[in-house]
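Each structure below is given as structure tokens.
Both of the next two complexes hold subunit A, though its partner changes from subunit B to subunit C.
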Partner chain A sequence: MHVDKYEQVWIRISIFVLVVFTLAVLTATVSAGIQVPGVEGRVDPNLITTPGASPWAAPSVRELAPGKYEAYVLAQIWRFDPGEIRIPAGSEITFYVTSKDVQHGLKIMDTNINMMILPGQVSKLKTTFNNPGTYDVVCHEYCGIGHHTMYGQIIVEATADTTTTE
Partner chain B sequence: MSVQSISQPIAATSGAKTAAERFSLENRLSAWQIGIAMSALSLGIFLGIMQGLEHAGIDLYSYIRPAFQSYYQGLTIHGVLNALVWTTFFITGFFTTAITRSLDLPISKPWLAKLGFGMMVVGLLMTAYPLFANLATVLYTFYPPLQAHWSFYLGLTLIVVGSWVAGYAFYFTYGAWRKENKGVKTPFIALAALITMVMWQIATLGVAVEILAMLLPWSLGLLPGTDALLGRTLFWYTGHPLVYFWLLPAYLSWYGMVPKQAGGKLFSENLARLVFWLFLILSTPVGFHHQYTDPGIPQGWKMLHGLFTYGVAFPSLLTAFTIAASLETGGRARGGKGWFGWIRKLPWNNPSFTAQNFAMILFAFGGISGVTNASYSMNLAVHNTTWMPGHFHLTVGSATTLTFMGIAYWLVPMLSGRQLFSPKAALAQAWTWLFGMIFFSNGMHMLGLHFGAPRRTMLGAAPYRDAAWNPLLMESLLGVTILTISATLFFYVIIMTVLAGKKAKEPVEMPIAESLDDSPTPAWLDRWRGWVYGAVALVILAYGPMLYVLVNEMQLIPLPPGFRVW
Partner chain C sequence: MLPLVAVILFAALRPLKVLPRIRISPGYLLVDQNGNRVSSEEMRGQITLYGFTSTDCGLPCVGSEELMADVAAQIDSQSDVPVELVMIALDEQELLPDALRAYALDRGIEPSRRLLTGEAQQVKVVVGGGFNTFYERDSSGQLQLDKALMLVDGLGILRAEYRGRLPSTSAILRDIDLLTQEARNSTGLTRYAYEAAHLFLCYP
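What follows is the complex of A and B.
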């Protein structure tokens, strides 16, 4: 098949660029530790609020060790439970989130946490909050007429070593 | 071995009949399909404008109640009418003309074409009823366990299956042509359109299974529940190739028609053919890139689909070169000199050309933001933010829509036998779409990237809305305003052409670009079997194992009866 010589050059450049992109993504993922949700197993949304049947029956934040937290968050129309989470600056926190009803989304502003929340599935991601402040947690998947009111907050409190002394 | 080119197909058999007589059924079918498509678009765009205003804090929904109950009902209708109805109806209508003129052969089984069209119309009515009755406010992705009225699911299925049947009518016509033209290479336009239809049949299997095996029986009470992740996976199996179904007809026009309108030739027809075949095999096995942030799908599978996604970017990169080179042949044939002088000589006073050229420019931006979305890592920053509507208003909302508008500027005169009413207004339409879309889309992109503002959200009423968002919302409002002018001009020109256009002195003909390169076409670029097998094999490889797992683990999650969230 005849291919024009400039077009051949273009084809080589295109392939080269795509290979570079691929490698860039691969390295970014590995070296920067980019994480997306994976397989965490299924839960039964019918039992989710039965006391004792699942950690989401009493959604809460637990301190595992100093500066290490895990949060079990339940999404439902149209709120996150717990709606407010307080942790000290510098903490690492792992989120385990599922839905009691329809699909939801969860994005924590100014962080890398962005995931879909599905009934029957657990979405897990972790992050570290270094800067004190209030972070909005926003539902980003349509979940009904009150979808735009569905949000929560994470309040990262200054600790002795993060506050500037006056 | 290579296939011969056609010299002058069938000219002898057409005898004394004029094109209008030979193709009267095709013209009527096309006209109806395109008319329905445009009506859908007019309402769809109206609702889009309402959304844009709402984001900027101008909530006009109280004025259109009770016709539309809520922002979200409007958004569902905007998505369904624009992304599904306008595109599918326009494409079948356009292809009815494109395939038959390119083969110079009327449809060989008219009843099949009519049946397909009839199914699409019935499907549209069945979809429309629950949408307007606010019984299907589930957005155009209808993710379970949001439950719509059964008529919504059945209607969508009929639209899709109707378009398959329309496709069968094309295949039979092609078969009839092939019998008469053994060893002749398929004309490019017909081949591109047929490949698109075959890709569409493979691609829509996912959503067909989702609806017929899960959502429809569930909405009728025959199935106790649904599985959210399985539903999403089947949806996105179709959802990504869906975007190529929107794009390939535009590519067809850019390769096969626009060079002619620009006074030039198609630069490398053989590569153009290769591009369409590559889309056939690469369009489908990439759907997980829409599910990067989903739980329950292993990271490895997401990564694999991400890599295939870069593969499917390759034919688009090829397209960029070939189209630019083809336009250059046009500009130079019209006397353009120097590196860039040819650009000025292109027919910028022809609205059909200009609209499609701007569609290409907007698509270049859309392609860049698309590559960002596709990368596994950057997707996290923008997933489900307003970056996404920013992106796809450049692709389906411009590359496709503005190209179809450009096509309409010759196709509507051809079908109606009337001259285009006010080419000046049509030109102004193309320019306003270009600038309106630049502002609208840039505002949305940046709002998502910098502030993470969520999409599919009544932002004007959101409690977390921040004053810092305002400048970008104002930019997008400016875009919406200019787009409103543009859309008004479009419908004005089309309606006036049909109702008050001057009778055309000479029949308008479909532009068919000649090939610049007359080297022979290798036979493998005109044979179906290997490519279709390849496409199916890649689909099985990319989806088989995961679907097997998901079906095995399926949980049918019931919701309380009558659970309705809107």
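What follows is the complex of A and C.
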């Protein structure tokens, strides 16, 4: 069967691209561990507000140790709970966020915190707030008619160390 | 082509199982029920299961102490890879050795497990900051504690965190066995197979 020279070239390029993509997917999946959300880090949305069954029943910020915090944040239409978080400057904080109802997003302005929040799925990110100030938290996944009203704040309070060094 | 097939087969069949390397476990210098100073460095070369308690602990400690006792009763004390079970006391005040020893005897912690204490701030840094386990005293002075057990390997790397609903004894024993097998067999060429198992996330 006659195949044009240029068509042969493009067939080879196509096969090469497919092989590269296959290897990239295999590497990402089995080696780098990039995968769709699994069983770990999931929570039953039906039990999420049941006291004792989940930490999101009483969303809060907890001090693990001096300068180290964890925040259990519940996203729901159309607010974050807690809506305001206060931590001292220089603190490391780990966010555990889930949704009670529909898909939401959580973006903390002026930081690289940017998460998609799905019901039943726990999203986790850790960051350190070195600079005092107020950081706005917005939902950046459309979640309904009140989406634009869904926001919160993280207030990073100056400490003696930060005020004397600045 | 053959190496590629071998890699894909290894990733698919997962002939070895390992526990993930989560992070370095915290360093500490605390005191045990016999008044001896105990550091995290002394735990090198052995598998250590950490639990948390306090002398006035009520509901938050129910289950975890019994689980530790059950594990202690079933581990192989003659294993070439020793297993140490350690409870860290979360009391507001550093306990005196006599009080610590009396508590250890009362709860059956002696002689199979160690009970460690230290200054409250120091313990907070180790347990809260290092093991990421939340605890605090509420307004009535009651201990609020997230149930947790931590499994650390002989290199001082945290390999398993059991949080919330506690696992079964058999699940912990399985994990200890996996660490034991890895410590025992991870030499020579087999070491590369174990590293491959880590690379390909061959977790149980």
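Here, the second predicted complex is superposed on the first by the 123 of 166 C-alpha atoms of A that agree within 3 Å, B and C clash if a C-alpha of one lies under 4 Å from a C-alpha of the other, contacts with A are read in each partner's own complex, and residues count from 1 in each chain.
Assume contacts are C-beta pairs under 8 Å (C-beta built on N, C-alpha and C of every residue); 3 or more make two chains touch, one makes a residue touch a chain.
Just so we're clear, the structure is a prediction, and the values are computed from it rather than from any experiment.
Peer 1: Quick check for you: in the superposed arrangement, does A:65 touch first (subunit B), second (subunit C), both or neither?
Peer 2: After superposition on chain A, A:65 lies in contact with subunit C alone.
Peer 1: Quick check for you: in the superposed arrangement, does A:140 touch first (subunit B), second (subunit C), both or neither?
Peer 2: The answer is first: A:140 touches subunit B but not subunit C.
Peer 1: With the two structures laid over each other on chain A, which partner does A:105 touch: subunit B (first), subunit C (second), both, or neither?
Peer 2: A:105 contacts subunit B only, not subunit C.
Peer 1: Quick one: is A:47 in contact with subunit B, with subunit C, with both, or with neither? Answer first, second, both or neither.
Peer 2: neither
Peer 1: Looking at the overlay, does A:122 come into contact with subunit B only (first), subunit C only (second), both, or neither?
Peer 2: The answer is first: A:122 touches subunit B but not subunit C.
Peer 1: Contacts for A:14 in the overlay, against subunit B (first) and subunit C (second): which applies, first, second, both or neither?
Peer 2: The answer is first: A:14 touches subunit B but not subunit C.
Peer 1: More residues of subunit A in touch with subunit C or with subunit B?
Peer 2: B
Peer 1: Once the two structures are superposed, pull the subunit A residues common to the subunit B and subunit C interfaces.
Peer 2: none
Peer 1: Would you tell me which residues of subunit A are touching subunit C in their complex?
Peer 2: Interface residues on the subunit A side: 26, 30-31, 33, 62-68, 70, 94.
Peer 1: Considering only the defined contacts, which subunit C positions touch subunit A in the complex?
Peer 2: Contacts found on subunit C: 8, 11, 121, 124-125, 128-130, 132-134, 136, 199-201.
Peer 1: Help me check something: in the complex, which residues belonging to subunit A touch subunit B?
Peer 2: 1-4, 6-7, 10-11, 14-15, 17-18, 21-22, 24-25, 28-29, 32, 34, 36-40, 42, 44-46, 77, 101-103, 105, 107, 109-110, 112, 114-124, 136, 138-149, 151
Peer 1: Can you list the residues on subunit B that touch subunit A in the complex?
Peer 2: 70, 72, 75, 137, 139, 143, 145-146, 227-229, 232, 267-268, 270-271, 291-299, 302-303, 306-307, 310-311, 313-314, 317-318, 321-322, 325, 371, 375-377, 379-381, 383-385, 451-452, 454-459, 461-464, 517, 519, 521-522, 525, 553, 555, 557-559, 563, 565-566
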